[in-house]
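Step one of this worksheet: look at the structure below.
We just call them A, B, C, D and E in the order they show up, numbering each chain from 1.
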Amino acid sequence: MSDGLNYKFLVDTFFVALSGVPITLFVTAVALLVALPLGFLLALTRINQIPILNTFSQVYVSFVRGTPIIIQIFIVYASVPLILTAITEKYNWNIKIYDINPIWYAFIVFSFSTTAILIEVFRSALSTVSKGQLEAAQAVGLTNFQAYRRIVIPQALVVALPNICTATVNLIKATSLGYAMSLQEITLKAKVAANVGYNYVEAYLDIFLVYIILCSLVEYGFKLYEKRLRKYQYVSS
Amino acid sequence: MLEIKDIHKSFGKNEILKGVDLTIDKGDVVVILGPSGSGKTTLLRCINFLEKADSGKAAFGELQVDLHSASKKDIHAIRQKTAFVFQSYNLFNNKTALENVTEGLITGRKVPKTEANEIGKKALDKVGLSDKYDSYPSQLSGGQQQRVGIARAVALNPDIILFDEPTSALDPELVGEVLTVMKNIANEGTTMLVVTHEMSFAKDVAKRVIFMDGGVVVEEGTPHEIFVSPKEERTKKFLKRVLPEDYTFYI
Amino acid sequence: MSNMEKYFDASYIWSSFPALLPFLKITFLVAGLSIIFGTFFGLILASMKLGKNKVARKVANFYTTILRCTPSIVLLFLVYYGVPSIADNFGIYLHDIDTAVFVVITFTLQFAAIMSEVIRSAYESIEKGQFEAAVSVGLSPFQAYRRIIFPQALVVALPNFGNGMIALLQEGSLAYTIGLIDVVGKANLIIAANYNTHALEIFIALAIIYWILSILIEKGFGKLEKMFSKGKQTIKAT
Amino acid sequence: SSGGASTSSEDEDVRKVKVAYDQASKPISWLDDKGNATGYDVEVMKLVDELLPEYEFEYVGTTSDDLLIGVEQGKYQVGVKNAFWTEERTAKFIFPQEFLGLSSAGLVLKKENEHIKTLADFASAGFSLAPIAANNAQYTIIAEYNDANPDNPVKLEAGDAFTVDVVQWVNEGRVGGGVIIEGPFQKQVLEEDGPYYNLKDEVVYNEFAVIKTWPLFNKKEQEFADAYDKAIKQLKEDKKTNELSTEYYGRDLFEVLDNVNR
Amino acid sequence: MLEIKDIHKSFGKNEILKGVDLTIDKGDVVVILGPSGSGKTTLLRCINFLEKADSGKAAFGELQVDLHSASKKDIHAIRQKTAFVFQSYNLFNNKTALENVTEGLITGRKVPKTEANEIGKKALDKVGLSDKYDSYPSQLSGGQQQRVGIARAVALNPDIILFDEPTSALDPELVGEVLTVMKNIANEGTTMLVVTHEMSFAKDVAKRVIFMDGGVVVEEGTPHEIFVSPKEERTKKFLKRVLPEDYTFYI
């Protein structure tokens, strides 16, 4: 701004932005909790070419990858209530769709998009585990399920982890679009604060800082975890 | 002990196994030779149901199964009676040597952990890896890895061990150690079906040698019969390519 | 389904296409420029990352980390409002510049970060032996890069480049927030012209447009990859 | 560009100014199908331009966020977006002496809630309110009400104008009510070709205030603001603003000017 | 022809080459043997400047260079006089067999394209690949790829060809074809420095055999001297591990 930055506001609003972190993390966590297992199962349907589910996953992934998340948000936010009311009216359920907290829309949108990303992540991770691992497991008498649980998944997870990290960071960033659904996350909180005195530049600087701190921490956490999982890959010689 | 009858197997239009018969008696070591693509690996994989044959029968002692339509239960039963040593080792990358050996016992057969560990350590001792219990595959040389692969098979105490070119992914210097281990367990009376290019092993250890080509058994006999006086033209041609020029001198 | 009928009228989807499609021009222009500049800048970053200079490597990695951690919308606002006000401090007046310029700057910065990783990993995917073989037959290092390394790295980079482009196109959809009238901005206007009603149908039309675009890009890059990857096809199992 | 007369634009004394307007706020101001700026606020400014031969207006459509920041930074000399007067804004902008127009703000409610007339009624009923964009003055007005009535506040949430379709939300029951300007309500629901004409018997508009709207001038534009004052005074005397109010809002809001206290 | 003096090379703290001397006369074939990690590859790479030695001198006929501080021009000159055949072939993946062979001629030496193509085709014919001019590396078997690698070296008409374990990445069956090609070009009088584990090649073709271990030359002599009556303990131990047990019988 021509009259320079308002440093007091900059500092105050940093904490306002910070107060949006729990919501951001909450949405991120829920989306991951839904997307990790679902993405994995759908990845298996892709790898094993299970007829209908395979096609479904393919179209699903293509749609989510092919459309901007902001438009997915618009669509879900506008259509889900309509569809739900249509359903509840049809069956005469007495459910108040509209008491739904906007965070539920965030859960839906972000689980939806993260699942699609993770399908691809798991698909490529699973394909890096050589078929020989599965065969060796079968040959020593493990069932398919045991083989996956004890041999294939632990190895795929290590390969997938950096990509899961990227997906998580992207998810955290994407929640910044939650403002379109009135989600009280980092960006919206800071923007509302900025509104009072029109200190938008300061507010966005704060948002910027909070995201960098948040994402760096998340990345660091993933790195540590990956190191632990990877212990079997270290060659000592 | 193991009897295979008339295995057929195609991949798409390619018929790879065109009716192979095979009999192995208890305690025998049988070596399969043959040029690349002749179906040796496929045969072994069909026996262990890693590949589903198109048709064929197998008898493991009492147990009779159809190789195409065996039930899950039968497949499981046969896998309990057999063990497989892979060309590329296929050790579980995320498990230590000992865990590799005990995995099948603990998870597959529900052997208690302490007991399984004892069996596993004994098996690793037998292949000369007493000091490598806790090493991960990535920390082992190729020869050591393959020895873990053999220990993994031995620990299961199977009726028969199937070997698919167990030394061909190894550096020449490391081949010896693995062959030595294989000779030792053969001498203990383990039944073995071995696909290999190691002629000295076939010569020294095999009870019978089977020469396959184009999906059929071309010739079969003692090592001496096959190496010194092969009957079939195809066998002669193959041996000429594979053996050192002056090999016959020293056999 | 009374609610659905009241609010959802598919004819809005079809009728919005003719109004939206001309604005793809803007979308493409902005994306295209960002891709050109971003690739160039990404190349510089990648060479910093691959080079021997430790400081340059640190700087390039730091840049990538920061950009990876910044939501596009935040970056967009920072550039749009931050750059002119910083320039103000130096007495440079940037307020007359078209919105699209700031959009291009933003997405150039972002695409450069993506591309630097794409280029770096493509380069690293080519085994050292290729370079060694090239110099051992008497090529100069530059010739080795130009004739042996680059053509192979290009093939490796293509799919990731395509993915980056799709991602860029999508991030670009946020430019409406600073008033750029691209295809999303136009959708915004159409919705406003309908007094904020029937937004869902317009969003669906937008989604369809983006979806088709991304499929086309994917297909196009698939073709390109095939074209460039002579010698890469593997023989059917022996 | 300024109306008809001053085509000889090379005149040294003519100053070009940028007039920002919210391009997606029909009927107050919007960019129409043909790419022209129009709406009540814009049309008034066009008339102002005609009366100010020493200025030439250039209309720049943008978002309301950008309008506020842009005027403050000096990218635009003036901005119109149905802006209300608030204390905070006086620190950032010049408010001229003369307001630009009037805006009827009200609540959209379901027919059965017709009895709710004021924000206090609304708060007492415990209804939820459709989200309002954080930088919209409607937000400030509700926030001010809440500050004044801490024991009976309205549930206020910030959101994005792009995604909130107030009339639909109220009718669906997604929210108990929403703040809307009368003009849009008129065009959506009450006119026969309005998109929600079918809802005319299901939702009602209850005005809770008529509020003056202002052009926001950049802090350095005092001179320009003074010139504007002269011109708009003239227009009001000529009843031009009344005509435009009728044209764009379906009602001459200047009739109730006496009751306007903000 | 080629004389190397006192090469030293360390990686970090690891001294890999601890002063190696080497002389090769025109037309000679010299084979280097030695256990893994003994520095054979590093030696070859230093000679070709793929690795920069810490110190050492080389004389190629008239041309004398310091292996540590050679100028770009000298490096280029020496690379023109040498050719390298890699263990993992390192064919240019984006070029056909013929283009692989001609690349160095056309781009490196500015030989006109038609002439280069003629030379290239002749070289490919010599290694038995007349029908593979237009195949890409991915369409060739390992043995064929390595033969292209050899043709690529031969086409440059270098003073000396350096081979680094040219057959050790090959399937056993494919080794023969490559060794045959190598014997042929050796018989044509090409000067060759060959790192290999193929004892029969060393025995049949080498003029001299050098045994390296731990970064130094341990022993050097004719194949008969080295294989039948090695003097050093280390040599004996190594040969015992590498040769078939009964190898000495047939030498």
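The rule is simple: a contact is a pair of C-beta atoms (placed from the backbone, for glycine too) under 8 Å apart; a residue touches a chain by one contact, two chains touch by 3 or more.
Heads up on the chains, UniProt names are A = Amino acid ABC transporter permease; B, E = Amino acid ABC transporter ATP-binding protein.
Keep in mind the model is a prediction, meaning the values are calculated, not measured.
Peer 1: Please find the path from chain C to chain D through touching chains that uses the fewest steps, and give that number.
Peer 2: Minimum step count, chain C to chain D: 1.
Peer 1: Looking at the contacts, which chains touch chain A and chain E alike?
Peer 2: B, C
Peer 1: Please indicate which chain is farthest from chain C, where distance is taken between mean Cα coordinates of the chains.
Peer 2: Measuring from the centre of chain C, the most distant chain centre belongs to B.
Peer 1: Across the interfaces A-C and A-D, which one involves more C-beta pairs in contact?
Peer 2: Between the two chain pairs, A-C has more contacting C-beta pairs.
Peer 1: What whole-number Å value describes the gap between the mean CA coordinates of chain B and chain C?
Peer 2: Roughly 53 Å separates the two chain centres.
Peer 1: Averaging over Cα atoms per chain, report the distance between chain B and chain E in Å.
Peer 2: Distance between chain centres: 36 Å.
Peer 1: Could you grab the centroid distance between chain B and chain D? Build each centroid from C-alpha atoms only and quote it in angstrom.
Peer 2: Their C-alpha centroids are separated by 84 Å.
Peer 1: Mind pulling the residue numbers of chain C that touch at least two other chains?
Peer 2: Chain C, residues with two or more chain partners: 3, 7, 81, 85, 88, 199, 238.
Peer 1: Two or more other chains in contact with one residue: find those residues in chain B.
Peer 2: Within chain B, the residues that touch at least two other chains are 36.
Peer 1: What parts of chain D, by residue number, touch at least two of the other chains?
Peer 2: Within chain D, residues 65, 69, 73-74, 162-163, 165, 172 contact more than one other chain.
Peer 1: Return all touching chain pairs.
Peer 2: A-B, A-C, A-D, B-E, C-D, C-E
Peer 1: In the complex, go through chain B and note every residue touching chain A.
Peer 2: So the residues of chain B touching chain A come out as 48-50, 76, 79-80, 82-84, 86, 88, 90-96, 103-104, 107-109, 135-139, 152, 156.
Peer 1: Taking the touch rule as given, give the residues of chain A at its contact with chain B in the complex, in rising order.
Peer 2: 130, 132-133, 135-143, 146, 150-151, 154-155, 158, 231-237
Peer 1: Sort out for me which residues of chain C touch chain D in the complex.
Peer 2: It comes out as residues 3, 6-7, 19, 80-81, 84-85, 88, 95-96, 99, 176-179, 181, 188-189, 191-199.
Peer 1: Tell me, which parts of chain D touch chain C in their complex?
Peer 2: My answer: residues 23-26, 30-33, 61-63, 65-66, 69-70, 73-75, 161-168, 171-172, 184, 187-188, 194-196, 198-199.
Peer 1: Considering only the defined contacts, which chain D positions touch chain A in the complex?
Peer 2: Interface residues on chain D, with respect to chain A: 65, 68-69, 72-74, 88-89, 91-92, 131, 134-135, 139-140, 157-160, 162-163, 165, 172-175.
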